[in-house]
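Several structures are given next for inspection.
Shared chain: chain A. Partners: chain B in the first complex, chain C in the second.
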Partner chain A sequence: MNTTGPDSPSRRELFRMIGSVAGGAAMYQAMSTLGFAAESTYRGPVDLSGAPRGASVLILGAGIAGMTAAYELRNAGYKVQVLEYNHRAGGRNWSLRGGDTYTELGGFTQQCEFDEGLYLNPGPWRIPYHHRGLLSYCKKLGVPLEAFVQVNYNAYLHSSKAFGGKPQRYREIKADYQGHVAELLAKATRQSALDAAVSREDREKLLESLRDWGALDADFRYGANLLASERRGYAKEPGGGLTARPLPSQPIGLTDVLDSGLWQGIPSGDRYDMQTALFQPVGGMGRIGEAFARELGPLIRYNAKVVDIRQDVHGVTATYEDLAAPGTKLQARADWCLCTIPLTVLAQIPMNVGAALHAAISAVPYSSAVKVGLQFKRRFWEEDEHIYGGISYTDLPITNIAYPNTGYHSAGKGVLLGAYIWGQNAMEFTAMPPALRVRKAVEYGSRIHPQYPAEFDNGIAVAWHRSPFTLGCYGMWSEAARAQHYDNLCQVDGRIALAGEHASFIGGWQEGAVTSALDAIGRLHQRAIARGKKA
Partner chain B sequence: MSIRHVTIRLALAVLGLSAAAAQADDASFMPIADLGQANGEQIYQHICQGCHMPGGEGASGAGFYPKLAGDPRLASWQYAAVTVLNGRNAMPPFGLPEDRISETRTVHLSDAQVAEVVNYIRSHFGNTYADTLTAADIAPLPHPR
Partner chain C sequence: MNTTGPDSPSRRELFRMIGSVAGGAAMYQAMSTLGFAAESTYRGPVDLSGAPRGASVLILGAGIAGMTAAYELRNAGYKVQVLEYNHRAGGRNWSLRGGDTYTELGGFTQQCEFDEGLYLNPGPWRIPYHHRGLLSYCKKLGVPLEAFVQVNYNAYLHSSKAFGGKPQRYREIKADYQGHVAELLAKATRQSALDAAVSREDREKLLESLRDWGALDADFRYGANLLASERRGYAKEPGGGLTARPLPSQPIGLTDVLDSGLWQGIPSGDRYDMQTALFQPVGGMGRIGEAFARELGPLIRYNAKVVDIRQDVHGVTATYEDLAAPGTKLQARADWCLCTIPLTVLAQIPMNVGAALHAAISAVPYSSAVKVGLQFKRRFWEEDEHIYGGISYTDLPITNIAYPNTGYHSAGKGVLLGAYIWGQNAMEFTAMPPALRVRKAVEYGSRIHPQYPAEFDNGIAVAWHRSPFTLGCYGMWSEAARAQHYDNLCQVDGRIALAGEHASFIGGWQEGAVTSALDAIGRLHQRAIARGKKA
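Right, the complex of A and B next:
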């Protein structure tokens, strides 16, 4: 059998086949997708040897891109200064914890009232194992990691339009979908329907693999037996002693599985950037930004709102307002400038660069995204439903509910990610006052976890288009804009280079920020060397 | 929240229907498929005001969202309509064909809806432009592809 040919019964082909039969209605508008799966270009530590004596770099933005660059350039001997709009470092690398106050655009202020040790990551929350650049800095900076659970077989797939609105366990939908498809394919194989695509020799191997893959019985059938229950779970679990004997569960029929649309949730961990292993920093994603900030110390100036960027033949001057002393304008100057300011903001800052870069800066719309963190009085998802970490997906406007991948079995309160939304529903959530977003997340979540109303304690909601420091979640490159503007965005313009997730093919991921920063400072470094020495 | 939706919610409350049933007609959200039926006011309140704020006052942080209240640029309906259709700087485009919106995670508004929301903006927040646009005015303008 040709396993790579167009007719090979690979898993992807099966999904496609079933998808086209079912019409492929898009039930989940944004199921776990984030950016484009592209491999990190990280190839180990950057070589910046031979920095000209006294050469300086001004870095705008103390997010992951800016601080990666500051860390490396400082270590290479450059004089580095970083300007940051916020009163903290990290940018979108950020965790909201009890005691934090967050004021979004429009002046809506929220107090985070989570208990000690509990947090919401409003921005990035998972790190794939192949994001080697970011992981290398976690290692260097001593940021401890723990497992992030992307797929939890006991979490839910939920459609308000299927099974009377009752959430289904992931393991049941997956086992039943896979079992039925295997049975169908085995039937077709045995009826010689696939003879043109499958050689006689491979036929038996295919059948055996289908039996294995789908948990089929000796007659290539998927049904209410212990074989299938080993995948989907039992009606009565096996145990010890006199109550030991298990009872098989009844699979959901093929038609019901297909009609429900829940099969769309099955491959949520199959994408390259969602594959096990994934990580999260212990204590919240913000620990990375905090560790960078500790490392860089006084090199970062906070509360600095950049209002003008001007280059001349000798260097670059940024004018900024000191937000701690309103009305005060200050200037910072260096030989070179690495600008990591999000394009939303940068497009509004006067800067003397070429027309091509200007056009590129204005060519990328930023996405709308919303996260809501909900604190509950107890970890009922563990106590009542045996869900330890992972994500439930739903067609309701909240899109998903994610359970903490840490602190299992803790007494006391727990925080869920009560909503994580893109697209139209994110825009609608953004248009509401924060308290209403929290209330809506509780209302909708109650349809999946009826414990919500009794156990809800408090919540906090972050809508990225209301974020004062980014005015959006991340840059959404269309293919056409990418073709026309991406290279121009990344070119060094005189003494200024841009970096950030927006200057990468890993949009919306921190690895995009790391790799774009390393790429940009490598090229700035070459220019600095070419100049012989300082300017 | 539109009057129509308030009425539905009140009616459900009077009938004593469950909270779950009421949520099916939650005025806070339009079913994705129903966005095409939204009028200018609904589009503004469900989408635009996320950035431009409920009173059209805009906002300022590291960057800013322009205020629509008393914005002299709104004297040009073409300026407003082209901005809604194509976006401006990092503002998402709302005039992409329906099959192209997922690429940049935006939403699609028809020409009639673009006309409606521009009419709404130019006749609210202290703006008093009297001319009323229709889909026919929007159609000849440059659309994103």
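Right, the complex of A and C next:
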């Protein structure tokens, strides 16, 4: 082992020590000097060389974590078997398409009636450029990607309590907030209010930058002129010929922008997980799970509901029901087990592990997200409102309306994400039967897009707390739970290791599943080698 | 004629009067009240009904303006003929692909050696969502579109004079500028320096918004913590399993951000013409020109160099050389003429129009843009640097490096826009032979992407001032020239009207060509009807 490598405990401890004594800046300096900074957790294919001959791993769950592990362990020479509850692979990596059927807890069955080529991603729907683990599997499995649009300047920010309930364009709110901020800071700077914080040398540069960035005029004012319109849009757009002269639009005043609360929507595309470039697989997020399933073929056993996990000194046995032949109990056994079952479900399955791991499994509540897909007879958001892709935000319970990032400008029907809800509103939607969720999404959405009632075709709604295979959307670690239980959740317990987005610091993202799986199998592999040598 | 319509002179005069007396805000109020605000110049298909039987139009130039006009006039029943200098249609709407040959003024001939499927758009390369005229023709002609990425948070902002010449990531400069601005404004607000400008009610909302928008901590400070890292990126990214804990990165100080000048690159995606959504045709911008050409078929005569334009009381005659049979002079004649020849070229062609139009034609200098396309043996910007699409900006003469917005993540070769230059630097590149432009682009680009020398394959360079069919890139109206000559340029002179991006307020954009063509043929049509009735 290379003890001076970037992962060696001594270096990591050193950095932690520098950080706690001298603060982040000093830590960063030290890390940069030693070539440690800005490294990503994903460092390329996991090294599993030297797998003991004949060693086997049982993987519970054919989601992204389970299939990442199965792919790597199989390639490393392990005997691999995957048990999956659903009749399909992917887990939350999933696209609902026309002809698909989905039965949730409570017995409601929905038939998806979308037209050919249209889909809803009930779970993950975007892949940031820095989710290098997941992206590497897209490449290996030949899953083509296209651009996902997070921020659309012509999409809406909507508050039912502001501007008479009339949705505002993102570009207007962003330009006006930025313009007012720039004008105010320019004013304070010129009044010498910030002389203690801004040096004389910086002062002129700051003012020059504010003018450019905030679209201020020569007097450092933001107003109803073509400078501002060149950001927020015009009253009359520039054109060609004799009716071409543009007319400026009127910015929204600072008080109205602040009162509306719509400024909360401005930085959505600034967040590291939602910055450009973002991707979606062509044809739906489910293409990744489907590609993994094709690759793994008979290694996955479907309709296998795990009811008991038991380890002994030689290996691990999982007992499962064959859902295709109700009442049939079968067993699978291997030397090692990687369990990727969501904690909500796993907490209900008997498993002989230590108290610390048991406690960790029960410590993580799950998000109660709801997504509703709505098919419309035409793409009116493009045709009438010139919104191509991206997301509108609202304070109505539906929270988000997201427009398809593909098939731009095409004729015929289209599917919107008509609601993406979490928290208390999601619990209310979860309590409704699916048809009512769809109806409510249409009702609320009509307040933003009045075309809804006339153009609505059909819909489907997935409430993750009623999903039999996850009982929730993703793990929501509190800081306190993280401090007490996270390491315990990730430690190998005898012959069993856990993986999944819940065993990561990227909760709710597929990259959390990938990196947690790679980390866990790396440690299982070390144990397997150690055992192999003893044997 | 409907004298109360949105275009009627009386209403337009009214607005102008209100605007000049009471300022933009009052004007906007008046316009909104009368339903005039926020309208786009493009209002759907032009109405050319009632074309006089047998009336004919000669169109000079098969660029976007000329072909838009030809398409509409043909559909309206006019006899249409188009003369085009090049052996292809499209004009500046153009994609260079492997096998293409391009000879510039001065005699240099370049052979494009790009691999199958790769291209350079020497001219326009992006289509904003609000360029509704051009978009409508993409739809009519069945040209599929995909997302163009303007802002990539992981692309570079580079100054040779800052940070030791090391390129910075866009996300770092943006987050840090925004964070510092928010911190400074919060400080001024809390010190009551802005009490005259910000009411007590607004104060708390402003502070709350600044904290959220600027990623400030509880004390309204921007610093080396996970809040800021969640915008600018981490020193160590969050991951899965036991090595997953993220570490914060260290922001760049305000002075360094200001000194670097890199803040100039921040608002590029805020500009109305470069906001999301932006598009590019699948396969290259030239797909639009090619689709128009297929649609118009034999109406276009290629290799036709117009050398004289002469109108009389009955019609217009253009004399042209057939470049396929050198020395051959031919004539084309029609009742009316729409001339879309760039002003640089048109100024050298004898044409009997009035002095005002002659003066206008000579009043507009053309931009001297240069674009260089570079093919590399692999997509190292994606593989090594995780930059998928978008643009890096530099103070080096190459100005821009733009990454392909398609084929993300694919293996094999790729073509970059290795330089997009205007102004003085463009004149210097124009003076070089093409091979030297390519070599210089590789040389400068190596300071941003050190992989360049090892991975470079081949390149091609288009200097628009040496383009025989435009002698420049696009018209650059000064405010003074606009005031004096613009209306004269657009007025129908007898039987001749001009169109093109130069006859618009959207200079350099294809939408200017489309809207100017539609405006001009609408007015030509009115004249034709008036003459038709007289006859």
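The rule is short, and it goes like this: the second predicted complex is superposed on the first by the 492 of 535 C-alpha atoms of A that agree within 3 Å, B and C clash if a C-alpha of one lies under 4 Å from a C-alpha of the other, contacts with A are read in each partner's own complex, and residues count from 1 in each chain.
We adopt the following convention: contacts are C-beta pairs under 8 Å (C-beta built on N, C-alpha and C of every residue); 3 or more make two chains touch, one makes a residue touch a chain.
Note that this is a predicted model, so its numbers are computed, not measured.
Touching more residues of chain A than its counterpart among chain B and chain C is C.
Of the two partner chains placed by superposition, only chain B is touched by A:T430; chain C is not. Applying the stated contact rule after C-alpha superposition, one finds that A:A530 touches neither chain B nor chain C. In the superposition on chain A, A:A355 contacts neither chain B nor chain C. In the superposition on chain A, A:V313 makes contact with neither chain B nor chain C. Of the two partner chains placed by the overlay, only chain C lies in contact with A:K187; chain B stays clear of it. Looking at the shared chain after the overlay, A:A218 reaches neither chain B nor chain C. Of the two partner chains, chain C is the only one touched by A:G389; chain B is not. Across the two superposed structures, the residue set of chain A contacted by chain B and also by chain C is 29. Of all the residues in chain B, the ones that touch chain A in their complex are 19-20, 23-24, 26, 28-30, 32, 35, 45-51, 53, 59-65, 87-93, 100, 103-107, 145.
Of all residues in chain A, only 29-30, 85, 105-107, 160, 165, 305-306, 341-345, 347-349, 361-362, 364-368, 397, 422-425, 427-428, 430-432, 436, 440, 443-444, 446-447, 463, 465-472, 475-480 touch chain B in the complex they form. Interface residues of chain C facing chain A in the complex, by the touch rule stated above, are 7, 15, 19, 23-25, 27-29, 31, 36-42, 129-130, 132, 135, 138-139, 144-147, 149, 151-154, 171, 174-175, 177-178, 181-182, 184-185, 187-189, 191, 193-194, 197-199, 201-202, 205-206, 209-210, 212-213, 215, 223-225, 229-250, 254-255, 258-259, 263-264, 266-267, 270-272, 275-277, 279, 386-390, 405, 408-409, 411, 487, 490-491, 499, 501, 503-506, 511-520, 523.
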